[in-house]
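Just below sit the structures, each encoded as structure tokens.
Below, subunit A partners subunit B and then partners subunit C, in two separate complexes.
Up next is the complex of A and B:
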């Protein structure tokens, strides 16, 4: 037994190591840009984070406030202080004063980059080694409370939910219709496949900039089109200010994204349709089933694995909508009608510099997406038919 | 002999490099602004052969802010960078006290409008500054108003006709600086002097809000730049906008074939106007004293009269020191340029900057929300101000 398993074991481990060597670049990239930020978002959500000077243990206490302070205020270093700092590893002629407040002074040692903080407490001066850096102060659940109490966050959740609730099902239904038509089309299939896929492979920035013009109130294609159609029908049409009227901001975002993703989703569904065994259709025809009932009872049920995949992917993707808002509206839009959850996270981190609050909001977004995905994997997946 | 010459040359270059201090300067000045800044840096290099400035364009203000945020967090900021006040409050601890490195004379020469202290510290000096002024159509408004009452009467006279695209004035909800200017002109403020009380909804605040609400009835209210509206042929009698938008507004008017001119803001209790634009600050992490001293030298160079005036002439920003703004160079330049003179006088008449509160950015976000409600008439000015004050109070 041992004779057989010995070399097998070695080979098994060699192959395992080899496989991991091939996986290493991917794991490194995923680790650095996905797992590390992911874990940190959780960590940061429990802290107040700011750049501040953090003091270490006191290394000296002086009673020389009267002689030290006038010198420090002018950026000079008292001899006694320099000697004290030399005792803890500083280089005297590399020391300089870089900042001061009402009762504190920060010195820096160029030889090591180390900082020292002198703090006045009554008649005493205490000297600490110090570091100016991102400091994390635990605040418990305060960041979550702040997010959940913020009316802007409530608005962001509402806006994002509307966006997801409309764009995901509508895109999927349109994609299903488009895929069915493409599946049936006799000529020009390749051309339509290519054109319907183009929006998906075009960079979102380029798409959004074009759509910004399409939505322009005075020169936009969309208003021109609607006006023309209204003219044919003899109806009144007042120009819609798509991007500056709170009522139309969300429809504008939804419309653009339906257009962007419908082709991609249709192609996935089309591939699924082409993979369905022809025998099912032939059997149905023998039984006298019509086109509609074949589509409803054979095509759609056998497409549920693809539909399910698209549902999960587009739900997660839609919850993360961000670039479109940034470029199309260049802000949260009128009355913050385009404020989405990720945009909220972005402004909290980069405008307000409340990294903890931003992390808490992103954790809440994760919980929302995670719960919906679990729901889909447990409840919705039961309705998925896998062909055997 | 040739080998010897090369050796001497290499040694000379080596010694030269040894004595040289390199500093990095991150900025967001694109196009002609960036070119002018690069010209000034070239001049600085000629005057200071021992200092090398790595001038790095980081993209727009948003990008610069993000890169600085990340760089400070990583402990690797540049030596010198452009920054808005509300960015500075986020990394105040990482900045060098400028009054330890700049001469007293230079700091005393700054216009009092730019005397900004962060928790009592001098950590920034003004750099590219603009101010809000009144743009008006001389064909629609023959004499620009000088008081709030005149302003309101003129705006109401022009009225609002959406079908024809005619508006008395225009406001942008994402630009609450206009409201802050009206607030200051009425003698109000967001918080009191020591930040112990929210004052935005007091009598002065209400006067400003009611005035804005009355003007809003005749206003084009939209998020896009006003120059875009002008370019499309929309007629706007008068509007308040930054002096930095001068070129854009003038070009838009030219495209639309309409006249446009600049006047000082109409005044109320005072003639204050909000100052916009960034400051310069020196970072400490990863920088030696020699680098900080070199950066301070560059700041002193940029604040020298000849350089300030050159910068202002080429970019449209305003001079920031007494010597420069009252000096012959600038006064001579604006003598033949009435519009630049208006902007200069507006700055001299009184300017105020951002509130240096660490939560100002959140307050500004609230201001945008409520400024928009006010402009759209969704609630009475009093109800809107009270709701705004309650939310600011929670941040204070």
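Up next is the complex of A and C:
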């Protein structure tokens, strides 16, 4: 790199302009879809946000309202109406009644995503294509008060903390053991690396479906395995209802995630171990140190950069647990034992349409993650050993 | 080994025993890692009656291959696979194309605000994506992108992971190369794409692979930004398939296998790049 010292010359400014041209596409995308929403997340938490469905121009007026209303009231779409809507681009068998009120119905066409508003005015039914408008009203700290007073949110925070508090350290310790084993193996490393990595790259949704089957109470692999082992030991074993017993929901989520991430973390640690200078080991051997103390006093301390990195990313990653809950439990689980913070945000926003409340909850999530990361960066990192 | 003194023999024996233990443990771990996959595949080849047998039968006889066409035809999986493939390709190409010049600038150029920018980009790693769901949803709606491919492609055409990884690769290129190219009158952008890029090909392969797999697995963003069958990706389709057919495990597992296999094939062919990507993320 050219050494630029003294006053900044013409070349420096030209290079600055050029560099920003190269950075422009990245900054545009990140600016619009990361930084801007990030600021809005804080902003929106102070608003009550609603969507309103507003009608467009009338596309059809029916004079025989009487024959349509009973069908619409039952959530069915009259064939004539469907035919009318087909004329404006809807697909007949993809139409359904999304919402309804005393004298209006919102029909949705799943094929195009377009919504239609049907309004009854006396004996007339008017059909409009509908558009969504967003309405924001400032409410101050009301969203935060509602979130913090919501027992569901308290439960979500508790569940998530238990999940993070158990799975982060346990996964890391197991990964350290696995990495040590991999490091000591002389042959077949490629095979073991492959099997360790598989769970990490497979689609979460697909593999969680497999685990839902593994956790099946009567026919699942896990209960069968536990029962067999208990049989060998001569113990009683009553089948565990992993996904429908509040006590076992968290362990099931934790177990699955340890399985998913332990291999990935082990590979990162292994890369670190392979980067450790052999001289350290030789010096230790000369001093007569045994395997265990070499591991404890040389390997692990020299791995602290990797351990620290894993701690941060797995902490952030674990706080975001959501898909696993949705697929494994198909909901928040028995007694909401699987309700996590992100699940709470998701349902508040996209099921109850309380976007402001959801924003407030996600701001709290950010504050938790951010303060833990800062704590790690300032307090924990001071104890990290860096080579050289 | 004849002629060694007993002390050495004991040392060798202890080492052999140690190595034996290492391998037994490693094989046990490998079995635990692989078991869910084997269980998935074997279930996918059974009929429901066989699948619910206890003790489980590991080798289905006769194998029910028709679970696969049955699952495939029970939902529009053709659309789901096409969408996943299309989105994975477009976002990967976009991400690589935006990351190359950005990473080069951050690695090799001296300009105002470089340090601030590096910090800012690194900072985005601290933002949990889930925090952005609501504002992104509102933004996408306001852009009029709800239920469009734009919503699924454009936001994912830039990424910090690729920039930092490529930046490390670009840093290893000696400055003299650019100096001589400049003297020959080569514009910088041409130098980047024609000379520097071929030198960092392994890095680009790694970025592309991770991005591709990430897009293939995309779920949450897709269920929030779209609700049309025509826009569902494989994971989203799987979820609806699961809701539709309930606990018909053989067909569910056949569908899961179909979703996982493309990723596995990719992984088998590009193991080196994956492992390299992992090793690099850990070190820096």
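Going forward, the second predicted complex is superposed on the first by the 279 of 388 C-alpha atoms of A that agree within 3 Å, B and C clash if a C-alpha of one lies under 4 Å from a C-alpha of the other, contacts with A are read in each partner's own complex, and residues count from 1 in each chain.
One rule holds for everything that comes next: a contact is a pair of C-beta atoms (placed from the backbone, for glycine too) under 8 Å apart; a residue touches a chain by one contact, two chains touch by 3 or more.
Bear in mind the structure is a predicted one, so any value in this text is a computation, not a measurement.
Q: Thinking of the overlay built on chain A, is A:370 touched by subunit B (first), by subunit C (second), by both, or by neither?
A: second
Q: Once the structures are superposed on A, label A:110 by its partner contacts, choosing first (subunit B), second (subunit C), both or neither.
A: Once the two structures are laid over each other on A, A:110 reaches both partners.
Q: Looking at the overlay, what does A:233 touch: subunit B (first), subunit C (second), both, or neither?
A: neither
Q: Which partner chains sit in contact with A:75 here, subunit B, subunit C, both or neither? Use first/second/both/neither.
A: first
Q: Examine A:98 and indicate which partner it touches, taking first as subunit B and second as subunit C; both and neither are also allowed.
A: first
Q: With both complexes superposed on chain A, which partner does A:191 reach: first (subunit B), second (subunit C), both or neither?
A: The answer is second: A:191 touches subunit C but not subunit B.
Q: Counting touched residues of subunit A, say whether subunit B or subunit C comes out ahead.
A: The partner that reaches more residues of subunit A in the superposed model: C.
Q: Pick one for A:379: touches subunit B only (first), subunit C only (second), both, or neither.
A: So A:379 meets neither subunit B nor subunit C here.
Q: Regarding the shared-chain residue A:57, is it in contact with subunit B (first), subunit C (second), both, or neither?
A: neither
Q: Which parts of subunit A are touched by subunit B and by subunit C alike?
A: Looking at subunit A, the two contact sets intersect at 94, 110, 113, 132, 134, 218-219, 330, 350.
Q: Under the definition above, what is the set of subunit A residues touching subunit C in their complex?
A: 1-2, 4, 8, 12-13, 15-16, 18-20, 22-23, 25-30, 32-38, 40-41, 44, 49, 94, 110-113, 132, 134, 178, 181-182, 184-186, 188, 190-199, 201-207, 209-211, 213-214, 216, 218-219, 221, 224, 228, 259, 263-264, 267-269, 271-272, 275, 291, 305-306, 309-310, 316, 319-320, 322-323, 326-327, 330, 342, 345-346, 349-350, 355, 358-359, 362-363, 365-366, 369-370, 373
Q: Quick one: in the complex, what on subunit B touches subunit A?
A: 62, 65-66, 69, 72-73, 75, 90-97, 100, 119-121, 173-174, 222-224, 232, 284-286, 288-290, 292, 359, 361-362, 365, 369, 372-373, 376, 391
Q: Any idea which subunit A residues touch subunit B in the complex?
A: 50-53, 74-75, 94, 96-102, 108, 110, 113, 132-134, 151-152, 218-219, 241, 243-244, 329-331, 333-336, 347, 350-354
Q: If you look only at subunit C, which of its residues touch subunit A in the complex?
A: Of all residues in subunit C, those touching subunit A are 18-19, 22-23, 25-26, 29-30, 32-37, 39-40, 43, 51-52, 54-56, 97-99, 101-102, 104-106, 108-114, 117, 121, 124, 126-139, 141-142, 146-147, 154-155, 157-158, 160, 163, 175, 188-189, 192, 213, 216-217, 219-220, 224, 226-230, 234-236, 238-239, 242-243, 247, 249, 252-253, 255-256, 259-260, 263-264, 267, 271, 274-275, 278-279, 281-283.
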